[in-house]
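Naming follows writing order (A, B, C, D and E), and every chain is counted from residue 1.
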Amino acid sequence: MIDWKLVLEVIGILIYATFMGFIFMGIERKAMARIQRRVGPPIYQPIIDTLKLLGKKESVSHGFIYDFGPVFAMGASIAALLFIPIANFQLFSSNADLIVVAYLLEIPMLGIMLGAMSSGNPYSALGVQRGLLTMVAMQLPYGLALIALIQHWGTFKLSEIVALQQTQGWSILVPALFVAMIVFDIVFQAMLGLEPFDIVSAPAEISMGPMVEYGGKHAALLFTQHAIQLFAETAFFAVLFLGGASNLLELLIKQIAVLFIAIFVASIYPRFTIDQAAKFFWKWPTILGIIAVLLTV
Amino acid sequence: MISAYYFGAISLILIGLYAILVKKNVLKMLIGLSIMETGVNLLLVSVGYISGRSAPILSEGIGPNQAVDPIPQALVLTAIVIGVATTAMALSVAMIIYEKYGTLNVEEIRRLRG
Amino acid sequence: MLKRALAIITLLIIGYWLAQGLAGVPFGEDRMLVAQYYLDHVKEQTGAVNTVTAVVVNYRGFDTLGEVTVLFIASTGVGALLWRKKRERTAKTEGSIVLTTGTRLLAPFIMLFGAYIFIHGHLTPGGGFPGGATIATAFLLLYMAFTVYEIPHKTFEKVEGAVGMAYVLVGLIGLAIGGYFLYDWIWQDWGFGVDNVGRLLSGGFIPVIYTIIGLKVGTELSGIIDNMLKEEVSE
Amino acid sequence: MNGQYASLLIALPLISAFFVPLIKGLGKKAVKYYLVLITALQTGIAAWVFQEVYTTGKPIIVMAGAWRPPVGINLYIGHFAALFVLIVAVVSFLMAVFSIRAISVDPIDKYAMLFLLVMLGATGMIATGDIFNLFVFMEITAISAYALTAYNKTGEAAEASIKYIILGGIGSSFFLIGIALIYGSLGTLNMAQIAQLAGGMDATVAQVGLALIVFGLAVEAELFPLNAWAPDAYQAAPHPITAMFSAFVVKAGLYALARILYLMQAVSSWHSVLKLLIIMATLTVFVAEFAALRQKNVKRMIAYSSIAQIGLIGLAFALGTQSGVDAGVFHMVNHAIVKALLFLAVGHVAVSLGGAEMEKFEGLGKRMPLTAFAITVGAIAAVGIPLFNVFWSKLRILLATLGAGYSWAAAVVLIASVVEAVYYFRLIHTMWFAGEGERISEGLAVSLMLLFLAALVIVIGVYPDYAWSIAQKAGNDIFNVADYIKNVPLMGVGA
Amino acid sequence: MINELMIILFAPLIAGVVAWALDIKGIREAIGIIGAAIPLAYLVKLYPTIIENPIDYSITVSGFTLQFQLNTMSWYFAAVASLVGLAMAFGMAVTSRESYDWLFALMSFTGVLGVFLSQDFVGFFLLWELMTFASFMMVLRRNRHESLKYFVLSVIGAYAMLIAIGMLYAKTGALDFASIRQVLYMDAAMGTITTRETAIIFGLFLTAFGVKAGAVPLHVWAPGAYSETDQSYTAFFSGALSKAGAYGFLLLYILMGYKLYAAFGTFHNHLTFAYIIAWIGAITVVVASFLAVLQEDIRKLFAYSSVGQVGYILLAFGLGSTLGFAGGLFHVLSHAIFKGLFWLVTAAIILQTGKTQFKDMGGLAEKMPFTFAMGLIAVLSLAGIPPMAGFASKWLIYEAAISAHMPLVAGAIFLGSALAFAYVVRFLYAVWFGQRPSDLEDVKEAPLPLLIAMALLAIPNLVFGVAPGLVTQYINKILGGEVVGGDYYKLVTPTGTYNALLVTIALVIGLAIAGLVYIYGAKTRKIPVTNTYQSGNPVTEEFNLSIRRNFYKPLAEALEFWLKYSWDRFYERVAGMAEDFADSLRQAFYNGNVQSYSWYLAIVLLILALWGVL
């Protein structure tokens, strides 16, 4: 007894999300370039890049885990995506709540780390270290923002949160949750790996960090994963704070809005060092987060 | 008003204790101990005294009601012997101390401490 | 100086406290309880006239046994502590002529007097302990008078042990005969000297035990004197 | 058999001690074996008495010279005395055996006599029913203890002895003053009668008398701060004697303290005396444990530990409740076993290796495994680990302390116990996990004794019921003064 | 008649003693494993019975009645302990070469089981001490200083418990749980036990159980003790023995909960006393996790991690809601299995390489693939990656914490999880990946018994991960109500859901898609780890490029201020002061001068006199 409608939805959303994710990546590069008064590549450039990488005749591997890492990362991203309500498509979202999704969104990181670590490159190792520390640093404000949200709406279920926002107004209209949104947005910057928290890849310092050893189809997998992740995370943001969406277009507008905020922030601020980032996260965002949770108790 | 015998006995006890507390020489302390014992013995005998009666030897017309309490006297007899024994022991120990330490000053007899 | 002052203050307070306690036991009043029983029954129950010795030897026999033991411990202890492989008397000066002559004359009489005291313990003031001590003074005199004098301490030791055993044996015979340790079988079972109360041949086993004690105390005290006067000599 | 034969408990050691001079010509060995023989006989008698008392459930009253109390002196061998006389005898026997190996200093014959007399003194103290007789026996114990402390004739031994003599002398003098006061007030010396009449005593006299008696006995019972002589004496005394000090000499004093304390229950100032004793006992535990912490000499360390445990027993007795006394008696028994074991083992090490310093114990697990094992069992037991005997009694004492409302005392005791655990821990670690060494022969007799005592520790630890029931009976013997008075056949003198 | 409970309880101890006494290689291992397996076998056999009605047993020792009961809750704890115990026995068969270890390891096994089964305080304390003592002996052999620390804190804890028990006994006159509970329940209304006394008892129990659970600031023994013993034993030590502390907290609720509520009331709608427990747990989680991240020794890392994870359990219990209990109980199980697994992996690594420092390791994944796989499962479970058992329990705790409106406590969980993620990845990297030091070239896979042991613990991680309902439904029985709904695969709380099976399927789908992409991509060529991009510089084989030391140096720098303070050093200083105090006390009081001693006597007399005179 297979729910064929669900299967079709899943396949459709996956394809849509992948595609849109790549487009987002393109928008990001393009917008960044325009701000910096460059022309920038076309919006579809990431897709082309990925296809090119996939087409490479040969790629090198450092062993099973090196291969497994990107696969795992992409698999996890797909899994995470399936539990987020995408506009009017609920998918599996009734089977896992906010906490599960938040965790699922972190798993890809583990996959990337696994691969990076097994490559034996010191830059990858540094990237891993920075990635983990960033996560440690951001997790406290991130968690506080989520807690504020949950406390306000009184449920963990994403679909219910969306439904409540539809009837009672968006989360950001609630003062406490607006504070939480600010916190979340700062964290969001780190989640997307954008400045000022692009410490993990830091192209100029450690040559893309975890990704440094990857090429060919491994890199393609990682790009695809990144695209899906980007889509999932923007959708997550929209679902949590912007009232979700009733159709894909509405969602897309909200996602792009979120994306642009991130891009603008990223193009203004220079990169933090990792200990600065940690100290920063444990200061203002945490304080704001505590204010938010205390307001919603 | 306290009786002179009690007063004397307590005085002896206190004098003996004073010697122990103040004198540095072990022999003097032992003398103090002896004085103290004497005081205690005196006290014990005084406790048994009954005014106007004589020694509890029931001959020569002294009846049971004309004698003082015999028990403290018996006790003192024992106590004296015990005192003698203690003193004898203490003195022989003091002899060994003098032999080994070459002094009888308590402040120098302090190998065992802490 | 401070220490002395402190000591005096402390002692005065303690003294005051003791005096306060003694105030509840007024001097010279008749508060006899058990003692009155002794005084009332001493003659018929023990045959002794001297209540003190009757109490010491008979009623409170255990105390006396302990007392003898204490003295025995002292003599043993002194012997143990002052024991050396080889010891001799090291006194240099002989006693003066008065002392030596006096000692020669008096020593036997002193001993005799000691014996008199302990034999008459149940009749007159005194008893085994004073008697023994008197005997010991005779030996002390001998030690003081003569630099070479020594008691036959091996014999003395044996006597000491033997009379001690004799005392316990007397008690054990009581246990065997009358069923009680230190039971006065001579007076109570044999009734020896019932008609003689107030004379020498009475008092049950008091004279016997006092003889034992006298000998014991005499030998023990002499032994202590002997031990203390000798010094170690290298061979 | 007639109960009066229990007087042999006193008569036998005495007559045997007097007999020693007559056999000293037979040589050192003979004297040592004679000592073993006599203590074995004493154990036999004590076992008989024990069995008699515990089967009939009635105390044996020995009346010297057929005089009924209070006219004569009586021995009261109740449940407690029967138990403790047996312990005294058994420990003496073990130490007599140990003496064969441990004692080489002359003159052995004197040693044997003093040894027997210490045993006699403790037996008498425990058995007697007369307060002045108690004093006499206490002095017998004390003076022979003075002599034995100095027996090694070294400077340290003499020093320890003189300290003991001076402090003990002061203590006994004041004890005697106390007796004088009580006698002066009541006109009797019999303990049962004192208990009977105590209620009607003049309050001031009772207070001063009781305080002085407690003071005098506390010196013997090693309560802080009157225990300063104890560590020195323990350290300097010959090894078997140290074990005896810890196993029963102190306990006799402690027992006497408890006995008189409970006899004088009716006295008005009784509760304040108890409170004072609780403070002293608690401090004893605290100070002694801390003093043991960094001790370099193991024998001295265990001596401090012993003092601390005595303090614990003192605390139990001073609570003034039935459960406290029961627990205290139980702890006495356990402590006697454990400390006999520890001092025996440590003495054994000191004899074999020439000293009891901590360094000598390095690698003991490899050099003398059995002895090290015994010390370990003893140490673990002393710390109060479950399944070892001390645990049960310690637990009982704590429950009783808390039950009586003295939580602070329990807390202080337990803080001190932490310290105790630390130093025993160090000892165990030193023995097993530090240093190396060749195996040394351990001697059959001592090994057997160690095993026996260790087995006893564990057996009581695993199956405490029997020991506990005995301790309860013995505790009841001390606590239940009404029964005590009833059991002594007082003739109606003056009543 | 021999009761099953006695068999369960004493089989390990007897096996241990026999193994110790025989001391024949081969046989002692067999006996040990059998002894460790018996409790599990019996518990499985009795499972159907105890659901219906509990099994009781009581014996009388020294006038105390010791009661044991196998009910739903004690079965749960005992089963967890037995599972880990069996794994430990398998592991010890190769890691331990001494009968000494067997004796004490199995002795502590009995102790732990006894603690869980006891229904009165005497038995509880007795076996608690047995457990402590045996585990202490395991440490003592290897390290004096660490064992001393463990010992002192344990003794403090044990004595604190003793006083508390004694006070309870004095107040209630009972030692068995049922009566104490009854009396305290009644007393809550009457209030014969004052608030102050209740507070003291509560504080003492908190100390006692906190020590064993390793709650901050009483955790300082744990890192040393966990690392300085046989690592297979540590699996049990950290996996089961530390749960005794957590169990104690639960006991506190059962026995005194109502009384504590009556005495202290509530604070912001939470039970005040529970609030304290929750915060202790939260602080433990954060502090221990931070310290774990900064460790350079594999054993220390997991030791601190254990402390932190037990903190989760305390935190969950401290929430005071049934959901919190469910989460805590589940975490008891999952922590036992993943941390047990970790320690066995550590045991295997140390056994095969003989090294413990991260700087000496690397690249072992190829040499010990099975062990690596087991390690990975443990990592996933600990890091809380769905669908592992570790995630399910953590998820419940999250739900409970946020629903209980303790946002800051919940924030601590978020932080702790991130830290946990950080330190397990560090472990992965330093041990398994990167270039292999040349002296580890001939390392072999761990021996079979150890692999069996690991598998024994890895399987539940997966099974209970995919089907967490198996556990939660049992927990519902313990708590006596439908606390966590759903079926075998799906957990439903009033506010959230988690379908483990579906998450698994989604992951599988995702992996399948990604795998397809991978497989249909270009073919790969394997090159050694050392052949790596290096900014154009040639890299020689012997130059190790892996970062193994000070991996988290930036974090240490960021935390510089806080790392200046250390409980460890604080305790060391206190201990030093105590020793100095002891010395000066000793020297001052027992100064060797008999005249001073006489003065003491005089002073006592003076006190007596003053007391009489005044």
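Quick notes
Rule of thumb we're sticking to: contacts are C-beta pairs under 8 Å (C-beta built on N, C-alpha and C of every residue); 3 or more make two chains touch, one makes a residue touch a chain.
Owing to the predicted nature of the structure, the values given are computational and were not obtained by experimental measurement.
Counted as hops between touching chains, the shortest connection from chain A to chain E is 1. Counting only chains that touch, the fewest steps needed to get from chain A to chain D is 2. Comparing the CA-atom centres of all chains against that of chain B, the greatest distance is found for A. Note: the chain lying farthest from chain C is A, by mean C-alpha position. A comparison of the C-E and C-D interfaces places the larger number of contacting C-beta pairs at C-D. Mean C-alpha position of chain B lies 27 Å from that of chain D. With each centre defined as the average position of its C-alpha atoms, the distance from chain B to chain C rounds to 16 Å.
Put simply, the C-alpha centre of chain D and that of chain E have 44 angstrom between them.
Measuring from the averaged C-alpha position of chain A to that of chain B gives a distance of 97 Å. Touching of two or more other chains is recorded for residues 586, 590, 592, 594, 598, 602-603, 605, 608, 612 of chain E. Looking at chain B, one finds that residues 13, 17, 20-21, 29, 43, 47-48, 71, 75, 78, 82, 85-86, 89, 93, 96, 109-112, 114 touch two or more other chains. Chain pairs that touch, as defined above: A-E, B-C, B-D, B-E, C-D, C-E, D-E. Chain C makes touch with chain E in their complex at residues 7, 10-11, 13-14, 16-17, 20-21.
By the touch criterion stated above, chain C contacts chain B in their complex at residues 3-4, 7-8, 10-12, 14-15, 18-19, 22-23, 25-32, 34-36, 38-40, 42-43, 49-52, 54-56, 60, 63-64, 66-67, 70-71, 73-75, 77-78, 81-82, 123-125, 127, 129, 198, 224, 227-228.
Against chain B, the residues of chain D that register as touching in their complex are 132, 136, 139, 143, 146-147, 150, 153-163, 165-166, 169-170, 172-173, 176-177, 179-181, 183-184, 189, 231-232, 235-236, 291. In the complex of the two chains, the chain D residues touching chain C come out as 2, 4-5, 7, 10-11, 14-15, 17-22, 62-67, 70-73, 75, 106-107, 110-111, 113-114, 117, 120, 124, 128, 130, 132-133, 136-137, 139-140, 143-144, 146-147, 150-151, 153, 158, 177, 181, 184-190, 202-205, 207-209, 212, 493-494. On the side of chain D, the complex with chain E involves touching residues 162-163, 166-167, 170-171, 174, 204, 207-208, 211-212, 215, 218-219, 225-226, 228-229, 231-232, 272, 276, 287, 290-291, 293-294, 380, 383, 385-387, 391-392, 395, 398-399, 401-403, 405, 407, 410-411, 414-415, 417-419, 421-422, 425-426, 428-429, 432-434, 463-465, 468-469, 472.
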